[in-house]
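Both of the next two complexes hold chain A, though its partner changes from chain B to chain C.
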Partner chain A sequence: MNSDYINIALADDDEDDRLFFTEAFEELKIKSKVLLFKDGIELMEYLNDSNNTLPNLLFLDLNMPKKSGLECLKDIKSAKRLRGMAIAIYSTSASEEDIENTFVKGANVYIKKPNDFEKLKKVLSEVVTTNWQYHTSGLNKDNFLLRL
Partner chain B sequence: MPTPSSRYLRTAFVVGLFVILCIGGFTYKHISELSQTSKVVKDNYSLRSELELIISNLKDAEIGHRGFLLTHDSLFLNPYNESLQKITNNLSRLDTLIVPSGEQVEKLKELKSDIASRFKNFDKSFSLAEDDAILSQDLLFLLHEGEIKMDRIRTDITEMLELEQRLLIHNQEINEAKRGLTPLLFYGLLIVTLIILLLAYFKMTKDLKALKENNVELEIFEKLTKQSEIVSNTSTWVWYIEENEFEFSDNLYRLLGEEPQSFEPTLENFYKYVHEEDINHLGQQVNMMMREEELPFTKYRVVHKDGTIKHLKAYSKLMDDTEGDKKMFGVTIDITSEVENYRIIEQRNQELERTNKELSAFNYVASHDLQEPLRKIQTFMSRLEAKEKDRISESGQLYIQRMKSASARMRMLIEDLLQYSRTNTSEKEYLKTNMNMLLEHAKTELLDSIEEKQAKIICDDLPTMEVISFQIQQLFINLISNSLKYSKEEVPPIIEITHEEVRSRDVEQIKESLYKFHHKITFMDNGIGFEQTYAEKIFLLFNRLHGKSEYSGTGIGLAICKKIVENHKGVIIAEGKPNIGATFIIYLPFLK
Partner chain C sequence: MKLLLKFDFTKVCNTVLKQKLEAHQFNYQQTAFGEIELMDKVSEERLKLFHEDINSFGIEVVEDPKKIVIQKIKDVIVDMVFNEKDINVKTSVYLSEQLEENYNYLSNLFSEMTYTSIENFIILQKIEYTKILLTNEDLSLTEIAFKLNYSSVAHLSKQFKNTTGITPSAFQRIIAKRKQIN
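And now, the complex of A and B:
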């Protein structure tokens, strides 16, 4: 794989959200390769196959059939090979409970799905351009939820 | 302790007994004295007759003597000898009859010697007469002498009789003197006894009357107790510890579904009614009661013969009465309705809990599932607007704008509704919080609109209070944004926030509060205000005073405010003057 590309993965059961997501990256003109998964099982199968390249950044929806985003997060953080992957929670709800849980389990950022396409583009570009390797040190609960 | 009245009766009885014994003693003494006196009198008469017999016997002896002297016939000697014998007997009887001391003894001695010398005289004359057949000079002399001696004897006897008479009279005088007071004493004692008896009688009737009254009161009390036991579903029982016997009140039988006193009050009979699951526990408690002489509150069930199950609660305590008998007084109460009520409340609580769960499930549906399609509509519209703008006609673009504002409004409604239901959540953690900090957070949250409207917020120093912090922050946000929203056009809003502590009884709206002191926080603005008549209406859910197009708003914000204040056991009041401004006053109690 060409290292100029950022490998981005999205696990979301919602077809429309996957469409918005890919369209946003197309318009952003960021050199990226977007992988899409329809549920948690599909995602984990891909990640657990050591032949596959791991994405640089994983966007994870919480409410998915078969295997929820939270379960995926738990599995990823307990697998040595996957632990270093930056994870952005990408969810409709922003309930205190969900934010708290995913923060504790080690997600890097929490994005509430915006209701405007322009805002979506802005959020995604912000997240993608952040260097999560360095950012983790300053991570705290107050700036965990991304506000724009 | 004997009561005063019983002590009085006892004294009366003892005194009466004593008096009767006294009378008996005196009577005995008196009678024995009387019999003694009559003996003395009898002796006296015997003595007199003996003395007279002596004289008559002496005369017989003399007649015999004379006859012999005249006839020398020995036939006359017989009466003489008989008389001699009789006189000897008389004298020996006199010895026993006379009082063994005093004058009479001397007299008797004299008499005896005179009689003896008289007989000597007789003997002498007999011997003379035998020698001479005729009356000699000597004999005549002797006869003369005999006559003198006879006179002396007569004198002796007369003296003795007189003396005896005197003794008798003297004796009678002494006895009379002795007996003189006795009848009076008897009479007096009798009177005293009678008085004592009368007093005792009156006392007894009085006591009896009091006792009767007490009995009537007791009877009334007993009836009342029985009534109250029936009304309040309680019963009583007594355990006589020494005898190990029980006594059950009528209502205890009724609590067991039986007629009063229909079986013998024993533990065995009682256990027959106890629910089999509770019998072990109750048995243990009763055994402990027997050992420790106290029964703590014990609950158990009993089963009536018709199968009805009742819940009972028993308690008892040891009482020592004045006689030192140990008794345990117990109370058994039917708590079936309490238990039933408790069960109903429990059930309702469970229902409530379930409803609450359903409600929070609804919250989640509202927050997630409803927002999702809405978000997509909005996103697609923004796509349509951006990508296809050139190809849509002017009216089409207007429709898009309308759709956008409608969906924005829908989003706001959903979010506000969520906010409103969140104020219901059970997570109510009261923490000491600095209110200034909460106000700062609220201002930060509203920074955009504050800057946009060029609003000025003037604020007192607020205290630290025990509150649910996220709710109070929401309250501040809602109140400030309310003021910003309903500000006058072209006039920059000024919001003044003040604080003071008030005494609850000084303020009309919180006069009845359980808390003595309240914090009073006032939000005053210079906005469009409102008619005072709407002051209460504005807190109602979905209630709006203005058209949607004039002022954006869902009619939920102030309802949330009211709910939050009520969660904190406080009161919120609105005061408004059209075109001058609105004032919101919050009273929050000091939670201590």
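And now, the complex of A and C:
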């Protein structure tokens, strides 16, 4: 087996959802280290501190108080040091236009959040695996778009 | 009393290696000096213990040979897709020929090490190449399908949607809009 692991960060204001995601990550084949943030402000403080290790993949809840996922995305994409991270946005619902708009603003992945734990695991597994291929096979991350 | 020693280095190395391999109960064959082939599937833990043990004798495993094979498989696939290699045989036969290994072995190793299958990796690469042709070369999907030997444009379009979750035209639109912003 492979002993490599991936650094993941998750920003979500809902405690149940954070738990839900963390459990799903633990059950994935790819080993991960997960950092959790309660809101966009906490997340950006961490990311903007250059002493901290940047995650390979960041999951952003679209609807957070104080600072929304979209606002975080905008800040991340305009910061040179942060631009390389793969970003997965998730939300419970959104219009086609909103989804396309998040991609245009630089998101790599758009997830419609499933209610079912097994489905969530399957979706996260696909995101993490696809991200892994980009990460390990030198693919062009600008072309990394995935909608689930 | 002083003793003057003369070493047969090859023999010293081979003897140490032989003793160690036997101590770790490996079923092995020595294929060349400094190259061992393990005949059975060996767990990572056992390999790690072996590495640690021989390290103290100044012997080091150069690199995980599995990773070398994986890299070779990826290189052959990328070359095949991106250089539009005209291959008359099935991909499995081609890979097997290029790597001089049984396809089942390659396929299992690939799945074990990369979290995806060779088949999926090939599809991913083809879709990546399609993305580049769509955005940089401005080719139509029909032209790309022909170039990449797809049986029909519908097949490529469906594979694109299945792999990325978005349609080729949506992809083109998103990338074009991103370019406008930057």
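Some observations on this one:
Quick note on the criterion: the second predicted complex is superposed on the first by the 125 of 148 C-alpha atoms of A that agree within 3 Å, B and C clash if a C-alpha of one lies under 4 Å from a C-alpha of the other, contacts with A are read in each partner's own complex, and residues count from 1 in each chain.
Going forward, a residue touches a chain if its C-beta (ideal position, glycine included) is under 8 Å from a C-beta of that chain, and two chains touch if they have at least 3 such contacts.
Here the structure is a predicted model, which is why all the values come from computation and not from measurement.
Residue contacts after overlaying the shared chain place A:S78 against neither chain B nor chain C. In the superposition on chain A, the chain among chain B and chain C reaching more residues of chain A is C. Once chain A of one complex is fitted onto chain A of the other, the partner contacts of A:L145 are limited to chain C, with no touch recorded for chain B. Contacts of A:W132 after superposition: chain C is touched, whereas chain B is not reached. In the superposed model, A:E100 lies in contact with chain C only, and not with chain B.
Within the superposed three-chain model, A:I30 lies in touch with chain C and out of touch with chain B [touch as defined at top].
Of the two partner chains placed by superposition, A:N48 touches none, neither chain B nor chain C. The contact sets of chain A with chain B and with chain C never meet.
Chain C meets chain A in the complex at residues 44, 74, 78, 112-116, 121, 124, 128, 131-132, 135, 164-166, 170-171, 173-175, 177-178, 181.
Across the interface of their complex, chain C is touched by residues 1-3, 29-30, 100, 103-104, 106, 110, 129-130, 132-133, 136-137, 139-140, 142-143, 145-148 of chain A.
Across the interface of their complex, chain B is touched by residues 14, 16-17, 20, 23, 63, 92-93, 95, 113-118, 120 of chain A. For chain B in complex with chain A, the touching residues are 364, 367-368, 371-372, 374-376, 378-380, 382-383, 386, 411.
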